[in-house]
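Below you'll find the structures, each written out as structure tokens.
Heads up, the next two complexes both have chain A, just with different partners, chain B and then chain C.
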Partner chain A sequence: MAGSAGGEVIMMANVSEKKDGSLLLAIETSCDETSAAVVRGGREVLSNIVSSQIETHRRFGGVVPEIASRKHVESITVIIQEALTEAGVSRQAIDAVAVTQGPGLIGALLVGVVAAKALALALDVPLIGTHHIAGHIYANRLVGDIVYPALALVVSGGHTELVLLPEEGVFKIIGRTRDDAVGEAYDKVARALSFPYPGGPHVDKLAHQAEEEIVLPRAWLEDDSYDFSFSGLKSAVLAEINRTKMKGLEPSFGALARGFQSSVVDVVTTKAMRAAAEFGARQLLLCGGVAANRGIRERLAALCGEAGLPMLVPPMSLCSDNAAMIGAAADLKWRRGQFSSLDLAASAQVSLEAWSVTL
Partner chain B sequence: MTLTDNRTAGENPLMLCFDTSTAVLAASVCRGAEVLASRHSHAERNHAVRIVSDLKALLKEAGVGEVDAIAVGQGPGSYTGVRIGVSAAKTLAWAWDKPLVGLSSLETLAMAAGPYLRGEKQAAEADPFAARLTGQPVWIVPIMDARRGQVYGARFETADGSVWRRLDEDAIRLIGDWGSALAASAAEAGAQLAFVGEIGPHAAALAALEGAVALPLTIDAGEMGELAAERLAQGLVDDVHRFAPNYTQLTEAETKLGDGARTEGQA
Partner chain C sequence: MHDWSEGGRQAAGAGRFVLELRSEADTVRFAERLADLCVPGALIALDGDLGAGKTRFAKAFAAGLGVPGMVNSPTFTIVKEYEGGRLPLYHMDVYRLSIEEADELGLDEYFEGNGVSLVEWASLVEPLLSPERLHIRLELTGPESRLAICEPIGARYEAWCRELGLRPAKGGGERR
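Up next, the complex of A and B:
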């Protein structure tokens, strides 16, 4: 078992007396942000340092994995040090080290995982390999109480998922994208509309300013499906641009942005509300980097209001990739004494459901 | 960046040494040049999984709780491999607040030829090293495959395998051109030319070189102790936070972007 990928080792350490005041040092390096945080009791963020590489990658029109990995190595100990300093906590006070084990860019994940393992060895504390998406979902626990069963809508540059949490720490994926993630679709459309990388937020803004809308198709898929598909919509935007140009006219980027946003928002929020009703969710959790998107956020809030369903959404700083959310999710395992072995493997693909706590 | 550090770790510092730049996960615990324990596992692609638990087991085997310094292979070599070792070393050095010594992985590889030169180990390919008895200098050229006919390489000169002098910096080079140039200058200088390391992928190119020998060797972490102790004695340690691998080249994306990418990469 110890040698298996991400091999979970159950060690029922005597952690009960520190249950509430536990200090977790969390590390996140799954993509182009190097982040470290100190989180107390899975709820209280003492520090959350995020070093973004976006300026570096902008020149390449997207994240270059090799460069992301190089930057992580250069800044990893600086960021960890800053997280402790800002939290006013010494190395020796840390109870456990949490780290994103996946999913993400493998070379980027490796840096964080190796650093976290070295730290666990050096400080002689437990290691908690943590699922990135569980982190996004549990970022909500940093802002409020989660009521179960809860339904999470995860929207980011790499993910679009509907996740049911029947109880604390248990994840069931009921819908996911079959092609592009929402954030990916936004960035691709942004490129077609001549916005610089990353262009998603520009499309959101333009859609709000536009007075006209070019109606674009909605990909509902099968009647009972909670899955998503955005590549057809992206193609529809490109086709519309080409068609207009062929006629010798200038395409209206505003009307296209609004049409694109309407289609995405319509499909994503409708499916989320239908799933919440079907599974009897008592709360809706919106999370992931694209949760900052006004279109999605406003419509979902309105629909939840109509349905009398409480909705939680973290502030922007906890929606984009950050280590505090990893600390929040790792607390699930900390309280149950479910730790990882020092042979923990970083993995580009790792199952969220399998990461559920052991009941 | 190298700093001078006044935490001189004593006459015979206790050091945890490791290198993950090649297919071998090499680690040792040394007291000065003396090797207290070492392990070499050949599980390629598994370095990130095994590194920390291997180090833990090694410390236990050596009966050591805390070390005076950390020494790590800084590359060149596999990008991912070097990052694994460097990330582990930086974090350990920071967490334990101990000096960090970065060593050239190519220099460590070259040192693996030492025992053959000193006559402590024998191999048919190493027979020409007997030339050392005539006072002929030996050029040890450690190489690692860098694909597309390229190698990461350097050049060291030694007379008897105990005193070494670096002649060429670590760099990525085309083995065809560089090999012929080295063979020509070795002939001129009257030096015995010996390629060591990852010979396999370049066997044909090396066999074509007149007067050169090729000895397939892998990194021996036991050789790192002496190299690291020398640097520590001189107070030459690295800045933990700024320590980074020596890749010897830009990424492909940066090369394509041209010079504009170079300066900003330092930011």
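Up next, the complex of A and C:
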């Protein structure tokens, strides 16, 4: 086999005659969700089954996460069968199997990777190990045409990254969080405001309802940095609550939520727009589970409108973790005949840049 | 599956030690020196309220191990694994787990692995932790200053506390 475990081998398969209408079965088990999907031509979602099967905002209201491998094991075969049935395709019609190889929880990832290998071997079709964040970004291709160079703002529970795509399938990380992801920052502030975990969406809602705002600091970091930091903002919220309580007063949670949201939205969207201008992006892609956040979505749409920069954002069902987005990203490699070997290893930390297509 | 009887798990602690951290730089130095002492299978159980500086401590601890690249919060993903340092680092945040979920997740495989486990909010899953470990609780004493309250369980960790020059706590200094 080509080198170490998980080493990608390039097999130039004869796929050209099928590449437009090809059917990819995609599997995603990187964290909380077990998901399988059938995607045609990297663009058309024939099915997209997610274990929790409920809207994102309800999910974040406290459904038990399927972090344990055992839970994924229990669900995976049922979910895959359901994806095939709903798509109305037989196993034999599948052209390739795509699976999230990382990043994520290793025990959870393993279940999807093992299932995908077994299927690829049994059906004698190629296996395509896929990067989870590439999936989030290429969820946008399920809703529109991506124009390059494009800039992606990935905001999810566990990730906050600015990714430049100079051309199709090529990823360059230009900024990332140094401490909390945006989703984590929302959930932690929600804890401080006495919402049960995970309470991020409550903070978003409270911020929109509040009429007053307590102005909180913005963490811009170094002048030329596209990195993010939200721990100082979290501390500022806690300090404000303590200060108010010491005076014997009740802190205004609404005004604090609004102040927090303003700071996050201001920093995230300003950096995204600055990066888009600097790198000459012709399109802005918003993605990840926190793309549901109204504050970020609305401000970014407004800024893109002013700048004349087209913006894409997938519907919520394709923003939270799901397998269709993995199928969309895997299509990049399918069309180029760049497949994984059957010794593909799940990996908790895997580089997005290294996952770029081979030009 | 984990044996829920607590026999032997709660070995008697050697008492508590405290260290005053007057600034963020003190916290960083403490975490780096602690990292220097770590051996495969070491378990650091880190507690402290929101904003106490657990992630800051973890970043410095990772740097002390020589972990390259960005080390950020594991709250959402629960575990982040880092290779490339002197030892692998398993950085965890178990805040959003119940004991049952944490048990099913197989955290013990990390604890018994070849790396060092640093577990934020560890007290929430105390029955699942290795019999020997070092508890550290960070308490806010000012905007920049913290008090580190350490409770070693096992002779190795007690020796570390002495080597790090921590002061034995008299009576007070409750970990929780």
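Criterion: the second predicted complex is superposed on the first by the 341 of 359 C-alpha atoms of A that agree within 3 Å, B and C clash if a C-alpha of one lies under 4 Å from a C-alpha of the other, contacts with A are read in each partner's own complex, and residues count from 1 in each chain.
Heads up, the rule we're going with is that a contact is a pair of C-beta atoms (placed from the backbone, for glycine too) under 8 Å apart; a residue touches a chain by one contact, two chains touch by 3 or more.
Because the structure is a prediction, the values reported are computed rather than measured.
Visitor: Is A:141 touching the first partner chain B, the second partner chain C, both, or neither of them?
Guide: A:141 contacts neither chain B nor chain C.
Visitor: With both complexes superposed on chain A, which partner does A:333 reach: first (chain B), second (chain C), both or neither?
Guide: After superposition on chain A, A:333 lies in contact with neither partner.
Visitor: Considering only the touch criterion stated at the top, classify A:107 as touching first (chain B), second (chain C), both, or neither.
Guide: A:107 contacts both chain B and chain C.
Visitor: Could you tell me if A:40 is touching chain B, chain C, both of them or neither one (first, second, both, neither)?
Guide: Touch partners of A:40: none, neither chain B nor chain C.
Visitor: With both complexes overlaid on chain A, does A:181 touch chain B (first), chain C (second), both or neither?
Guide: Only chain C is touched by A:181; chain B is not.
Visitor: After superposition on the shared chain, which partner residues are touched by A:349: those of chain B (first), chain C (second), both, or neither?
Guide: A:349: touches chain C, not chain B.
Visitor: Touching A:197 in the superposition: chain B (first), chain C (second), both, neither?
Guide: Touch status of A:197: second partner only.
Visitor: Which of the two partners, first being chain B and second being chain C, lies in contact with A:91: first, second, both, or neither?
Guide: Only chain B is touched by A:91; chain C is not.
Visitor: Could you tell me if A:115 is touching chain B, chain C, both of them or neither one (first, second, both, neither)?
Guide: So A:115 only meets chain B here.
Visitor: Using the superposition on chain A as set up above, list the residues of chain A that contact both chain B and chain C.
Guide: 64, 67, 69-70, 107
Visitor: Using the touch rule from the top, collect the residues of chain A that touch chain B in their complex.
Guide: Contacts found on chain A: 2-3, 5, 55-56, 59-60, 64, 66-67, 69-70, 72-74, 76-78, 80-81, 91, 107, 110-111, 113-115, 117-123, 341-346.
Visitor: Mind listing the chain A positions that touch chain C in their complex?
Guide: It is residues 31, 64-65, 67-71, 103-107, 156-158, 176-181, 183-184, 187-188, 191-192, 197-198, 231, 234-235, 238-239, 348-349 of chain A that touch chain C.
Visitor: Taking the touch rule as given, give the residues of chain C at its contact with chain A in the complex, in rising order.
Guide: 50-51, 55-56, 59, 70, 72-73, 75-83, 95-97, 101, 104-106, 143
Visitor: Within the complex, which stretch of chain B touches chain A?
Guide: 48-53, 55-56, 79-80, 83-84, 86-92, 94-96, 240-242, 244-245, 247, 251-254, 257, 260-261, 264-265, 267
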